[in-house]
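Have a look at this one.
All chains are identified by letter, namely A, B, C and D, in their written order; residue positions are counted from 1 within each chain.
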Amino acid sequence: MYLFNSEVVSNQKLSQNIYRLRLKAAKDFCRAAAPGKFVMLGTVDGLLDPLLRRPFGICRWGSDWFEVVIKVVGKGSCQLSNLAKGVLVAVHGPLGNGYPNAELESEQKSLFLVAGGMGIASIASQLFFALDRKQSLVGTFLLYGAANISELILLDELTAASSSGLQIQTITDDGSSSRQGFVTQLLIHELQTRPQSRVFACGPEPMLKSVQKILQETGCDGYLSLENRMACGFGVCLGCVQTVLSETSETGMETAKVCTRGPVFPAQQVVF
Amino acid sequence: MYLFNSEVVSNQKLSQNIYRLRLKAAKDFCRAAAPGKFVMLGTVDGLLDPLLRRPFGICRWGSDWFEVVIKVVGKGSCQLSNLAKGVLVAVHGPLGNGYPNAELESEQKSLFLVAGGMGIASIASQLFFALDRKQSLVGTFLLYGAANISELILLDELTAASSSGLQIQTITDDGSSSRQGFVTQLLIHELQTRPQSRVFACGPEPMLKSVQKILQETGCDGYLSLENRMACGFGVCLGCVQTVLSETSETGMETAKVCTRGPVFPAQQVVF
Amino acid sequence: MVDLKVEIAPGVILKNPVLTASGTFGYGREYAPYFDIAKLGAIVTKGLSLQPKTGNPGVRITETACGMLNSIGLENIGVEKFLADELPILRKLDATVIVNIFGNNQSDYAALAAKLDGVTGIAALEINISCPNVKAGGIQFGTDPQAAAKLIAAVRKKTSLPLITKLSPNVSDIVAIAKAVEEAGSDSLSLINTLLGMAIDLDRKRPILGNVTGGLSGPAIKPVALRMVYQVAQAVSIPIIGIGGITSARDALEFLLAGASAIEIGTANFINPQTAIEIVEGIENYLKGQKCAKITDFIGKLEKV
Amino acid sequence: MVDLKVEIAPGVILKNPVLTASGTFGYGREYAPYFDIAKLGAIVTKGLSLQPKTGNPGVRITETACGMLNSIGLENIGVEKFLADELPILRKLDATVIVNIFGNNQSDYAALAAKLDGVTGIAALEINISCPNVKAGGIQFGTDPQAAAKLIAAVRKKTSLPLITKLSPNVSDIVAIAKAVEEAGSDSLSLINTLLGMAIDLDRKRPILGNVTGGLSGPAIKPVALRMVYQVAQAVSIPIIGIGGITSARDALEFLLAGASAIEIGTANFINPQTAIEIVEGIENYLKGQKCAKITDFIGKLEKV
């Protein structure tokens, strides 16, 4: 983990209320980054509202920069999304476990990456990681759902990955893209023909619950990336805990800190 | 009084920690402006720190703009001093009584304008008012003291007024300008040769106290512009009150709201 | 059109639930240049005492994190001058007026109530038993259920005006006080007054406020206020007026959900003089969006977690 | 060099007055990657109970204006596991350790005190009689002077470790409680714990926290904390540790002026894990600038207004 103040390199508007911030980072930070890990971001203005830093997935990174994709949902995200080039941001990270990323290439099985809404930031980190390292994405499927077509972001970059073998399907709640419905419908459909698949999913809790159920029913294994509210991001506030199955506890369950043991959990472990 | 969101036209650094902000304003606002009046300024970012708006003198104005000069002393002034061109500022004003400005021209007596530190913002408003209207400043003296030479601001513009007859003397606490000492020393000295003068003063409380004493001793009359802490600026919080002499009250004294009855008071009325 | 009418005490029906908190709205007319104050549910006057009071000397206000401390010390023009000079103006402005009163002892309160009884143009009395800024003031009544009950019973005898008792948050058990004053005849409750706080000027090594301590208000205290309103709403059957850190319609609506029949806006009036009227509009728009035709269908409708 | 040593209880001399507040510093080792925790005055552990506790279900934290609410519910690994797994690590890290404890009743507290008595590597016990997040928890002791005194007397009998009693701010008269526990044998006081608050999710019409109410901490509560520390410092003769909303060295110094011999940093540790050590440095630099050679010459030196 690193703590530093980082300069905004660029701030790009991706849709009406989604922004991509590129921040400077030291080489060490970039080496420690991995798909599914996240950062806690705050401002350096010395003002106390917002008070806590906010967690955002590390979506992509190079040797001396990284990017986050921020959807404006409240005051923290709003403030960060407004920052101009050159302004400093307080960064703490990389935090969390990240996805077990070796599996992207080494498996025979198909790999389904399932993103709901801003879950794409986390899911895309795996794809950018593979792309930026010229790894093959044959057998990898991106199933991506959002509320409407304007919230389907990063598609240009990800479509460029099709040459690596990635297959993309999108869906929107309101049908403003080709298909209407939930991303889990796509997953159910695909798993019917590829029952031996592996699934990584990130999105709102109802979606993850539904993915978990689908995995149970199909017997596929997979991982869920959770986004519980966080105060600290590094395991000291106990604010982000998730009940998970436990072999050692008497009750068969225990609480796990999403920020340190997660945010990515084996799907069958999570007790919603 | 007007309430509006106003765009920053320009933000100019005058010294290490003093900035001049020019803001857009409607014609009505500009017509209501007068030397010694002030505005309450806040941001429109929706964040609650800082919470209250901050009072700043209207230093100069045209038909559709006005300027404030802001010294960074805490979080509110810091935030405002950082605003870039195009950003919106919440404005409430013009507030307060202002100086009895007719007296600048109509009197035979000499007029001494005494500024200590940021008191110059208020004092300069009278000079800019006269300059912008091409009024003669013959017989008008600016006595201006600050901590050090870098905090002596606006001198270029004000020196340009010398052609109108204005006479300027400066002094600094540390002697980094020509003279060392307090501005009140200049006043004592000048009043010896011009005992029939009139004095307008704005600056820190100890300076104003001292000016009051000098006026008492010399029998000159004058006005003091106060800068008591303000929460509202328009007479409803009772936070800014100053004890003043009163002919109607039994005790001979009463409290006056600096924001509405002031900020400019006849010097002999103020009970420090 | 959403029906915004609320009953804040038996028979006291206001056109909407937005009131302005005592001490933050002057005597009302100061806001007339900014909007039509008749459009508010009611305005609550600066706290009045029998005799005029000059308040505390020295620095009286200071900003804290998302809040402010004040030690005004209940400066006011006194009830006589209010009735002679201010009330007529408020009546001309067509404002609904609630008069906030305080005293040094029970007989002050009783005398004030008697004096205001039957005066035309007063919708209700708000009894401040909770101001932390005066030594021999309301505060002792505000922290002891029995003393509070005795005071309210005494005031009750002197007036037929509806009584709103304003509670202090500086207590171990606000529910106990709320119940005690309900039983003693209060028609309604308003809460919270300010939390007792302090600020220090580090470089000058002394308290910032002339009075050393002061009352904390503003957004900082909203969570405490919301909790107390919620707790009291579970425990009493008289209407509650929620106060504390409200700066937006969303804040106001949270208090209504928690069980307040109306709300008062305090510190936020200082920041933007039009806050109160903007909150009236914001509440109406929100309820419209929710397809809620009557605000009374919204009040207290907090669901279980 | 400024001498930063302070005595927070008879015989307990810390290298500097900066401690970390219980529940905001994990078990200590979580901060080791960020700085040398041996450089702090002391670290106070997460509150420990006899048995492990899983804490409250549902959402546990939410931000409020310049503050946060938490309803963690005192989740902890239990005293046994602490002694077996965590304390040895802290000793290796050379940290000065204060153990925070709480129980459901007096005998829990007594048993905890007995268990920790004589354990090497513990500088003192902090007795949490004030956590608002557990129903049958510390809070009843925290609001009643007699109950608090009885509890502390019972704990006192079971251990020779210095006792710091941690007080709740949710009371009418914190001075009464402070005096009661002083008399009952507490060697020191720490204050304040969190203020009881609540937050509402307007659109979902329900409380945000799974536990409905939670403890308010952070800068929002600083004025209340400072006031209570100041009041208590006037009234007791044992050392006081100030807590509440400290985010900077200047904040910390204000508490010292008000009479605290040391301070604890809570919420601010979450925002920047290096806050505590930066505050140690900030205090030293400030006092250097003031030409103050010994911090004890600064403590309590608030002048009259």
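Here is the rule we go by: a residue touches a chain if its C-beta (ideal position, glycine included) is under 8 Å from a C-beta of that chain, and two chains touch if they have at least 3 such contacts.
These numbers were taken from a predicted model, which means no experiment stands behind them.
J.: Name the chain whose C-alpha centroid is most distant from the C-alpha centroid of chain D.
T.: The chain farthest from chain D, judged by C-alpha centres, is B.
J.: With respect to inter-chain C-beta contacts, which pair, B-C or A-C, contains the greater number?
T.: Result of the comparison of B-C and A-C: B-C.
J.: Between chain A and chain B, what's the gap in Å when you average each chain's C-alpha atoms?
T.: Each chain's C-alpha centroid was found; their separation is 54 Å.
J.: Report the inter-centroid distance (CA atoms only) between chain B and chain C in whole Å.
T.: 36
J.: Just how far, in Å, is the C-alpha centre of chain D from the one of chain B?
T.: The mean C-alpha positions of chain B and chain D differ by 47 Å.
J.: If a residue has to touch 2 or more other chains to count, which residues of chain C qualify?
T.: Correct list: 65-67, 218-219.
J.: Please output the residue numbers of chain B that touch at least 2 other chains, ranges allowed.
T.: If we look for residues of chain B contacting two or more partner chains, we find 48-50.
J.: If each chain is a node and each touching pair an edge, is that a line, ring, star, complete or other?
T.: Drawn as a graph, the chains make a fully connected set, so complete.
J.: What does chain C use to touch chain B in their complex?
T.: Those residues of chain C that touch chain B are 23-26, 30-31, 33-34, 46, 54-55, 57, 59-63, 65-68, 70, 72, 75, 218-219, 247, 267, 269-274.
J.: Note which residues of chain C are touching chain A in the complex, please.
T.: Residues 65-66.
J.: Which residues, counting only chain C, touch chain D once they are in their complex?
T.: These residues of chain C touch chain D: 58, 64-67, 69, 143-144, 170-173, 195-200, 202, 204-207, 209-213, 216, 218-224, 226-227, 230, 245, 250, 253-254, 257-258, 301-305.
J.: Quick one: which bits of chain B touch chain C in the complex? Just the residue numbers, please.
T.: Touching chain C from chain B are residues 1, 3, 42, 48-53, 76, 90, 92, 229-232, 234-241, 243, 254-255.
J.: Contact residues on chain A for chain B in the complex?
T.: 45-50, 75, 78-79, 84
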